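Please see the structure below; I have some questions.
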Amino acid sequence: MSERRGLSREQIAKRVAAELEDGWLVNLGLGIPTLAVNYIPEGRDILFHSENGIIGMGPRPADEDVDTDLMSAGKGPITLIEGAALVHHADSFVVARGGRLDAAILGAYQVADSGDFANWRLPDRHVGGIGGAMDIAVGAQRVFITMSQTDKDGTPKLVEDLTYPLTTKACVTKVFTEMAVIAVTDQGFVLEEVAPGFTPDDIVARTAASLIVPDDVGTIAA
Amino acid sequence: MRYRSGGHRGMQQDMKQKKFDSIDTALDRLKDGDTVLVGGFGLSGIPEKLINGVCERGLRDLTVVNNSSGAGRFGVARLLEKGCVAKVIVSFPWGRESDVFKELYKAGKVDLEIVPQGILAERMRAAGAGLGGILSPSGVGTQIAEGKPIHMVGNQEYIVETALPGDVALIKAHKVDPRGNLIYRLASQNMNPVMAMAAKHTIVEVDAEVALGDLAPAEIITPGVFVDRYVVTGRYKPEAWEGAWHE
Amino acid sequence: MSERRGLSREQIAKRVAAELEDGWLVNLGLGIPTLAVNYIPEGRDILFHSENGIIGMGPRPADEDVDTDLMSAGKGPITLIEGAALVHHADSFVVARGGRLDAAILGAYQVADSGDFANWRLPDRHVGGIGGAMDIAVGAQRVFITMSQTDKDGTPKLVEDLTYPLTTKACVTKVFTEMAVIAVTDQGFVLEEVAPGFTPDDIVARTAASLIVPDDVGTIAA
Amino acid sequence: MRYRSGGHRGMQQDMKQKKFDSIDTALDRLKDGDTVLVGGFGLSGIPEKLINGVCERGLRDLTVVNNSSGAGRFGVARLLEKGCVAKVIVSFPWGRESDVFKELYKAGKVDLEIVPQGILAERMRAAGAGLGGILSPSGVGTQIAEGKPIHMVGNQEYIVETALPGDVALIKAHKVDPRGNLIYRLASQNMNPVMAMAAKHTIVEVDAEVALGDLAPAEIITPGVFVDRYVVTGRYKPEAWEGAWHE
């Protein structure tokens, strides 16, 4: 079982990107979430928000076109799409906290079956970095989490109660790992899809909370 | 001036359709009992066509938020006269020409909440920003504070003023692009940009439409993410304005 | 004594305008305050704020240049000076409530010797109109009040305790009437100047609170 | 584009002088112990010349507000390294390159207050707006809420976050006119306009100066009433940027 590799970072990004619907405004966190921009299904008009005041962020420019005044919140070079709007930080978070984000894709250390998640601070470190995560998670219509199914030592990251410091309560919609897509519902975690080569039992074994396994669990199109 | 496209896939083909040709259709999500934020101050920035559309649709029991309760028989005064309004939330209900409101109010047919003008704007902005409210210094110790919680910060007393969201905003702008990005003419912004932020559903009447990329990203006052629908009305003379008119 | 007419509205406006210092940002209420714009002493650069989002309001244009999208908060036609800035209502009140107004000139029904004043509602009327007065008075560095010394029936409007509903506590800097200039201090009302033809005793007789009369009371240059 | 002058008397002759030629002189009102709001996010909109000027003046015990505690040896990290800072108030103290901060923090030489990024901006805006604070949903139930009052609005829990004013703001803009009106280049606004509102005394470094009337009134992002002093530095490559540079 431990030989199976699961999805690559790019494949996770592609899977979560498939969730984004036409016309949505979306904020992407660092890491795998940022990769999702490369996998938007054809024909969907997705608008990207960056917390430093950009509504309508476009892809990375050619090296010679990089401008230090056009960077994402993750400090990567970007472009502006036609019809982009630029605002200051307070108004940028009016967009985020005020509920205008159809979805936010964020990383996490842990997700609880209540929809609570943790992503800003390790329990054993003095400090962490919140950045925009608390405002974005509390405001977004949907919070999609990309993370690994377990820690490096095999400890499940889907849990009953967080042991890492809370970022935001009851906000996670779905979790996308290298092994599975798991919805967070009123009933708790529900397995929706497994990665090729994995069975529902593999995911149950790597989840430290009840996991509802419906009859029709699909396979991630990788 | 047009801005370089980052080549974002599918944008022009599949953009969410925000443009409506008919005022009446654009208003079809308004319901009896809604809280409606109505832009405009004095003669400027009043969405007159949308207001007339609401009157024609015969909506009832609306709570209307505006700076005033209207003058003459125009704007908010028309909504009141047509019997659409159960309550107004305003800073200045008792103007010289607010006869329609005065009569209805004296007859007990309309409720009134008075809010200091700046706090009215700020309560709406707070709603737009997902905040629960603000700590206001305006009106401390006055009748405005009655029934509201007080919160001390150090020795300073503040009124807890809660966020004021709208079900719908009816606003007016000068130019729009297909994404719904807005700019305003001269000093006609007033409450309009704040109301666009504060409502769940924002409908705009606008003088003119421009092509995508024609508005510089930094000059946009209301980003299109705050706009759900718009109708291009062309620029027209405010109904209540009796002076000379220049296009 | 009742034969003397005191200053005209224009003369009161001229007197209060003389208080405005070079470089100040000022908000003017309706009535006499609005007239003050016509009497700014030569050589002083005064910037005018209007609560509907105008910083840098200029004088009334010629009739043929009137534009309905350039009106003051009092609904009068205005112009913009070079270097004017336009903002929305919330940000306009950031200017006012946030302390950027060096002075506001407002009318009043009553002023108390604590600096409290009343200007929005008559006691016997069901409702009044606040408009921007509470935000402006609480934020402005100085609140100058222009009003008559007494009601039409001779009742003083400078009082110990307001009988009209309060607008804002402890904010009035000076009061300008047709008869006098009266400062509001930690010690209470202090007579600074009298109008030509009036004596300090005339003002004391028309003030329903202690009025400190220094030795050097001046005469208003009318 | 130039706008018609209303003929306001004496304006051009006697306008308050906001332009300073020397960074050092422009900073002469900063005092030890001040709370200093420092603009910039990533590489963009950082007032590097002003920051270097503060280091040279050898100020001490500053409370610095910024999005982060700095990267490498630039920006806020330089202020920390030079020993100017007693406390930082930031949303992201613990970046990959925030070595200077980490070392000082572990040694107990600098205090830290962490604030969610959007609430950091909103607390400063509240200060600018004369509000006592805001009711924030961000961080409810987390360590961020510890020691702060909770206020319920209906069933919803909010943290009372108090206004965060600055003694001084150090910000960066793209163009300024003689009244201090500002516009920003591309996405370089970030916290700068909010900090200009929130500080008692705002000092700007700016790429270029334009004539009065050259900025359209509606395109101005920071009205000059929020600006006390400015220094024209010209546009320059951010010290920490190692990539290609185009004017």
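Going by the order they are written in, the chains are A, B, C and D; count residues from 1 in each one.
The rule is simple: contacts are C-beta pairs under 8 Å (C-beta built on N, C-alpha and C of every residue); 3 or more make two chains touch, one makes a residue touch a chain.
Note that this is a predicted model, so its numbers are computed, not measured.
Undergrad: Going only between touching chains, how few steps reach subunit D from subunit B?
TA: 1
Undergrad: Report which interface contains more C-beta contacts, comparing A-B against A-D.
TA: A-D
Undergrad: Which chain has its C-alpha centroid farthest away from the centroid of subunit C?
TA: A
Undergrad: Could you tell me the distance, in whole angstrom, between the mean C-alpha positions of subunit C and subunit D?
TA: The computed centroid separation for subunit C versus subunit D comes out at 34 Å.
Undergrad: Distance between subunit B and subunit C based on Cα centroids, please, to the nearest Å.
TA: About 30 Å, centre to centre.
Undergrad: Would you please write down the residue numbers of subunit A that are in contact with two or more other chains?
TA: Where subunit A meets two or more other chains at a single residue, that happens at 80, 86-87, 90, 93, 97, 135, 138-139.
Undergrad: Hey, what residues on subunit B touch two or more of the other chains?
TA: 122, 125, 129-131, 137, 186, 189, 217-218, 221
Undergrad: Which label fits the chain touch graph of this model best, line, ring, star, complete or other?
TA: The chain contacts form none of line, ring, star or complete graph.
Undergrad: Taking the top-of-page definition of touch, could you list the pairs of chains it picks out?
TA: Between chains, contact exists in these pairs: A-B, A-D, B-C, B-D, C-D.
Undergrad: For a test of understanding, state which residues of subunit B touch subunit D in their complex under the given definition.
TA: Spelled out, the residues of subunit B in touch with subunit D are 122, 126, 129-137, 149, 151, 153, 156, 158, 160, 162-163, 183-184, 186, 189, 216-219, 221.
Undergrad: Sort out for me which residues of subunit B touch subunit C in the complex.
TA: 41-45, 67-68, 91-95, 105-106, 112, 114-119, 121-122, 124-125, 137-144, 185-194, 221, 237-238, 241, 243-244, 246
Undergrad: Sort out for me which residues of subunit A touch subunit D in the complex.
TA: Checking each residue of subunit A against subunit D gives 50-54, 63-64, 66-71, 73, 75, 80, 86-90, 92-93, 96-97, 121, 125-136, 138-139, 165-169.
Undergrad: Taking the touch rule as given, give the residues of subunit A at its contact with subunit B in the complex, in rising order.
TA: Counting only subunit A, the residues touching subunit B are 22-23, 25, 40, 42-45, 47, 49, 55-59, 61, 78-87, 90, 93-95, 97-100, 135, 138-139.
Undergrad: Along subunit D, where are the residues that touch subunit C in the complex?
TA: 2-16, 125, 127-131, 177-179, 181, 197, 212-213, 215, 217-218, 220, 223-226
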